[in-house]
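In the two assemblies presented below, subunit A is common to both, partnered first by subunit B and then by subunit C.
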Partner chain A sequence: MFNNVNIEFTGEFFAFFLLAVCAIVGAVLAINFAKVVHMAVSLAFTFVSLAGLYVLLQAEFVAFVQVLLYVGAVTILMIFGIMMTKHQSEGSETGRPLLETLAAIGCLCLFGILFYAIRSASFPVPTGELPADNTMAIGKLLYSSYAIPFELVSVLLTVAFIGAVALAKREPEGGNGEGAEPAAENKPAPLSGEEGKTP
Partner chain B sequence: MQKFWNDPVTWGHAGLYLLGAIAVLAVVIVFVTYAIYFERKVIGWMQYRRGPNRTGPLGLLQTVADVAKLLMKEDTIPAKADKALFILAPVLAFVPSFLVLAIIPYGLNLQFADLNVGFLYYVALSGITTIAIVLGGWSSNNKYALLGGMRSAAQMISYEVPLVMSVVGIAMMTESLNLREIVIYQEGWFWHWNFLPQIVGFAVFVVAAISELNRTPFDLPEAESELVAGYHVEYSGFRFAFFMLTEYIYVYAIACLATILFLGGWNAPAPQLDFIPGLVWFALKFACIVFFLFWIRATLPRLRIDQLMGLAWKVLLPLAILNIFLTAVGIEWWGKGGG
Partner chain C sequence: MTMLGSYLTLAAVLFCLGLYGVLTKRNAIIVLLSIELMLSAVNLNLVAFAKYGINASLRGQVFSLFTMTVAAAEAAVGIAVLISLYRRRATVNVDEFNELRR
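And then the complex of A and B:
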């Protein structure tokens, strides 16, 4: 049914086309939306599409770690943060023509450079077959050749983590140390005997 | 999976996929219908009641009637809700829940996608549902819904960690994350199934899984007695039905995963019983886990939110890490299978 066009309409082509369009649409919408929560959602859409592209490149592990971290964790954290803050005075920014013109010129230049660089780059065909179980290959490499960088990254993350806790727990100066902590009181939940969940 | 990408797309292929998807959807919807019936019956019996018994013979059509009611209900959207997100949230919750079913191997040759990171796929996609629940809670513009959404996000992110960690031991023993290979590894007698060598991992997995499902005793996101109905207070009609459907599809998925990861999938408990088809064994184990989930719901009271977080980070996570360590020591000393 598609034989009269030059492109080969394999499943891969359709998947790539769909995912690429989704990624671009998500990114464009993320810039254009007025509400921050909408931006976060469209960003998540882009992340998922990118993960789909990774699957097309047979990098399943990277793809699902991308979904796990960027969609499952980063986006939720962003939404969490946005919900905690006020969002009444959104979408009322006045236009600044000079800045916008300059930004447009900058964007066009960047596009030109990227386009030229991609067009003039040569993509060497990788020699040798990819390993059949690439997840295992990644694991083996991480724990043999790249063990030290891997451990260093984990130390870095731990430091960042502890730093975040320390920043969040900083006590106000000259105050009563105990009272500064918000009373995290939760009333014990009564027993649930009723059949409320079923519709 | 690769072989389909390189084929030219024809209506035949597309139709084949569509048929497969519709078949899974049909199976799942039948499961959900009767899981809800079964749940109400089981809880009823445990509380010395009869459960639904009026609609249809033995009350078998009760869920059908309930769903029909939901579908015919007026579709209300709160005036001050964020309309787009309010509409999007149930869809965003349902789609990943259905997608995770693609990787579940019911038998040696009965699987849709043979992915080499099967378990990771499940965890990654179920995270998208968390976003949907948070969005649903936020966009309703209702404080109970918002509280429910917040709790849900905190809970699901916290319990994802021990859930993943509890399966690491299995990945170490099998040397694969592929669900099919994990089942093939457990062939033989029932003591070769992972639940015995990985008993700590199994316990952590079950607790974390119940929490991921937002079911009692961990149903804080929709605690009826505190939050009215949690994140879906404002939802009614078919949007509410979609949230419910999502929840029960995850019950299905988790029960399948527990069967595959810890109970030997389609393997018979003894090699002599191999003449019974694997699908029957799979269904039996699956049914046991589903019953267990309902049993837990009828038995245990709900946790408090601070106890919930404490349980995830102070009990389950250390246990899961200990399990990884013990598995490593076991593999080092006794080789595979003894760990």
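And then the complex of A and C:
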């Protein structure tokens, strides 16, 4: 099982090792931090490391899209979500040791199975080379043989964002007057009013 | 040649960490971020196979771009649902989102 660990110590391996350590450290810290904003920033660190790994894999365009989309958009969106929803969860992440233990055991089992499968698989020697001008080749591929999926994805994005705006839009008058109050104009943060303390 | 195994192992580690976060965290935003981490691990697999697979081609990278787009849409809709839920229930704890009616 471990007999094929004959890694040649090249520069690529060292770069991979550094970036992999950064990614795993970011993910582990994101699991272990107590504050939610720290978790989000730590996961942004992981996403930057993954972009570095994409550069290492000769996927420069995917790396830049990763930085723009994940670090620039998704993480910032999540931080906005954290700011808009009052996070009172500092210190309340204590209980449930049984669930955490079970989840840890399950994840470790999954990782063991995956690791065994990866180590016991025999990968063929790769043939062919990636083209040098990555972005132009991806663009040609997207607009020639992947034109229909590309258009479908654009429709999906449009529908998803319109749906997100429609979902997050404040209703003008709460239907049964339970949740959303209409007096929201003069208060800067009506979400964190008195109702946030009751649960 | 062993670099492919290293990339796949790293992706497996990230996937398992994301799965652990999804299963144990209570804050719904952190659950969403953990799902993003799992999707990133899958993207890393795709890009690694695009370079070290049997036929090195750009199709894996194109597929990872599609995955990123779907992930962005999922994050946007997830945050919108969360904010709407927070208006109703004044919490982001996933344990308390346990009924469909309002």
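As a convention for this text, the second predicted complex is superposed on the first by the 154 of 199 C-alpha atoms of A that agree within 3 Å, B and C clash if a C-alpha of one lies under 4 Å from a C-alpha of the other, contacts with A are read in each partner's own complex, and residues count from 1 in each chain.
Everything below uses one rule, namely that contacts are C-beta pairs under 8 Å (C-beta built on N, C-alpha and C of every residue); 3 or more make two chains touch, one makes a residue touch a chain.
These numbers were taken from a predicted model, which means no experiment stands behind them.
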> Thinking of the overlay built on chain A, is A:S120 touched by subunit B (first), by subunit C (second), by both, or by neither?
Replying inline: neither
>> For A:S144 in the superposed arrangement: first (subunit B), second (subunit C), both or neither?
In response: neither
> Of the two partner chains, subunit B (first) and subunit C (second), which one does A:F61 touch, if any: first, second, both, or neither?
Replying inline: both
> Touching A:A30, do we find subunit B (first), subunit C (second), both, or neither?
Replying inline: second
> Does the superposition put A:P131 against subunit B (first), subunit C (second), both, or neither?
Replying inline: second
>> Quick one: is A:G106 in contact with subunit B, with subunit C, with both, or with neither? Answer first, second, both or neither.
In response: second
>> Going by the contact rule stated at the top, is it subunit B or subunit C that touches a larger number of residues on subunit A?
In response: C
> Between subunit B (first) and subunit C (second), which, if any, makes contact with A:L53: first, second, both or neither?
Replying inline: second
> A:F14 contacts which: subunit B (first), subunit C (second), both, neither?
Replying inline: first
> A:A73 contacts which: subunit B (first), subunit C (second), both, neither?
Replying inline: both
> Both subunit B and subunit C touch subunit A; at which residues?
Replying inline: 12, 58, 61, 65, 73, 75, 80, 134, 191, 195-196, 198-199
> Where on subunit C is subunit A touching in the complex?
Replying inline: 1-10, 12-21, 23-27, 29-30, 32-33, 36-37, 40, 43-44, 47-48, 50-59, 61-62, 64-66, 68-77, 79-84, 86-93, 96, 102
>> Using the touch definition from the top, list the residues of subunit A that touch subunit C in their complex.
In response: 4-7, 12-13, 16, 20, 23-24, 27-28, 30-31, 36, 39-40, 43, 46-47, 50, 53-54, 57-59, 61-62, 65-66, 69-70, 73-75, 77-78, 80-82, 84-85, 87, 89, 92-93, 96, 99-100, 103-104, 106-108, 110-111, 114-115, 118-119, 121, 123-131, 134, 137-138, 141-142, 146, 149, 153, 156-157, 160-161, 163-165, 167-168, 170, 175-176, 178-180, 191, 195-196, 198-199
>> Residue numbers of subunit B touching subunit A in their complex, please.
In response: 2, 4-11, 13, 36, 39-40, 43-44, 47, 66-67, 70, 82, 84-85, 88, 115-117, 120-121, 123-125, 127-128, 130-131, 134-135, 138-139, 146, 149-150, 153, 157, 160, 175-177, 216, 219-220, 222-226, 229, 240-241, 244, 301-306
> Can you name the residues of subunit A that touch subunit B in the complex?
Replying inline: 1-2, 8-12, 14-15, 35, 37-38, 41, 44, 48, 51, 56, 58, 60-61, 64-65, 67-68, 71-73, 75-76, 79-80, 83, 133-136, 184, 186-199
